[in-house]
Amino acid sequence: MDFINIQNEDFNVQQQYDALSQSNTRDGAVVLFVGRVRDFNEGEQVTEMVLEHYPGMAEKCLEDIVAKARERWDINRVRVIHRVGLLSQSDQIVLVGTSSPHRGSAFAAAEFIMDYLKTDAPFWKKEISDQGERWVEARNSDETQKKRWQ
Amino acid sequence: MDFINIQNEDFNVQQQYDALSQSNTRDGAVVLFVGRVRDFNEGEQVTEMVLEHYPGMAEKCLEDIVAKARERWDINRVRVIHRVGLLSQSDQIVLVGTSSPHRGSAFAAAEFIMDYLKTDAPFWKKEISDQGERWVEARNSDETQKKRWQ
Amino acid sequence: MNTITVKFFARLREQSGVDAMDLEIGDMTKLSELIAQLQDQHQDWTILQQKNLMAAVNHSMITDDCLLAAGDEVALFPPVTGG
Amino acid sequence: MNTITVKFFARLREQSGVDAMDLEIGDMTKLSELIAQLQDQHQDWTILQQKNLMAAVNHSMITDDCLLAAGDEVALFPPVTGG
């Protein structure tokens, strides 16, 4: 019941929600997270962004993270989509969706997957602003977020 | 930037997501929770459900909960929709949506709002199953969930 | 005497058979006294006897006792189960 | 001698100017020895010197040292920033 995909194309939130909820009378709770390109990062005007990934490893890493989430919480359907390539301001980057009989499990699993994705999955962002190109630096706060689950 | 509504009509997840994200270049994180009618509760086959509320107080209570969430987390847009009246299996009951520059805030605020809604907001469910009608009993686990925030 | 409105919801509304009633109360009547009075008068409204009965005054949940005033809207109901 | 593939990503790929290279290594070569050798040979690839350099072997993140074997795919990259 896992759908994990790395793609150039945009995704539609309703379609992802439908895939989590349709013909699913068991799960009363659905949680969706969407990460989007913000207009600023450390003060520069970001206009575009390039997302690079490590093909093969990125997919495996996302599968491993979802498997870990399944060990910890009672979740039934999981969807993870990560876009790569050239993205513009406000574009959707990533979606994580979970369904569960219990809202606590759906929330926790979705946040866990995002926290591990941020620190472990081989994706890299390069921001393109009026100042030129700049590889995004990893943030310590992401490590801190992950450590909450350990 | 709050949208809080109690309604008979169904809601569309994409529309709610669009309202949280469109023309919003500040928030990189959007979290949506949807609660739906499950097919079973304590072993009976639930076919329909009636949701009753206390008009006036229910709206005020949701507004108070959202205001409390805003005091604690850096969230920009919030949407809460709770349906009332007759609902069928798999129907959507409730939606909570949050947007924030930080995913941790968007997740925490959405879960906080749901947890307080469950224990404090004056809504009552009556399940209609092949065994007849039955008012749903409050669950201790919902009180426990809420206490995590205190 | 002061007039207040008492509202009932969910199973308590079904038991009492009324959505709301106006009542006359004396000065300095406490919420707990109102509830005790209703319990005495309507022993068949068993939800009123439950220790998890919830009460709101003027749309705010009340967990402790409080004094009621003319025009107050008191609501009594079982634990909430929305969401 | 054993042939392994080394892949570079993000800023390290830009610095090295290559996506991947095949290398011959001796038996019982450790990941740390491979990295030290690359650092020696390519002092202008400054990302290699960073203490937060990340490494994966055969698509698994490696945080400790490990022995490399023929056919291994080693990947070196700066801390990840997806999501």
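Think of it as A, B, C and D in the order they're written, each chain with its own count starting at 1.
Note that in this section contacts are C-beta pairs under 8 Å (C-beta built on N, C-alpha and C of every residue); 3 or more make two chains touch, one makes a residue touch a chain.
Keep in mind that what you see is a predicted model, and the values were worked out from it rather than measured.
Separation of chain A from chain C in touch steps, taking the shortest path, is 2.
Look at the CA centroids: the one farthest from the centroid of chain B belongs to D. Inter-chain centre distance (chain B to chain D, centres taken as mean C-alpha positions): 48 Å. One simple way to say how far apart two chains are is to compare their mean CA positions; for chain B and chain C this gives 26 Å.
As a whole-number value, the distance joining the C-alpha centres of chain C and chain D reads 72 Å. A separation of 23 Å divides the Cα centre of chain A from that of chain B.
Those residues of chain D in touch with two or more other chains are numbered 83.
Among all residues of chain B, those that touch two or more other chains are 35, 103, 114. Taken pair by pair, the chains that touch are A-B, A-D, B-C. Remark: chain C residues 7, 9-11, 13, 52, 56, 59-61, 75, 77-83 touch chain B in the complex. Within the complex formed with chain B, the chain A residues making contact are 12-14, 17, 21, 24-39, 89-90, 101, 103-104, 106-107, 110-111, 114, 145. Considering their complex, residues 35, 51-54, 56-57, 60-61, 82, 93-94, 114, 117-126, 135-138 of chain B touch chain C.
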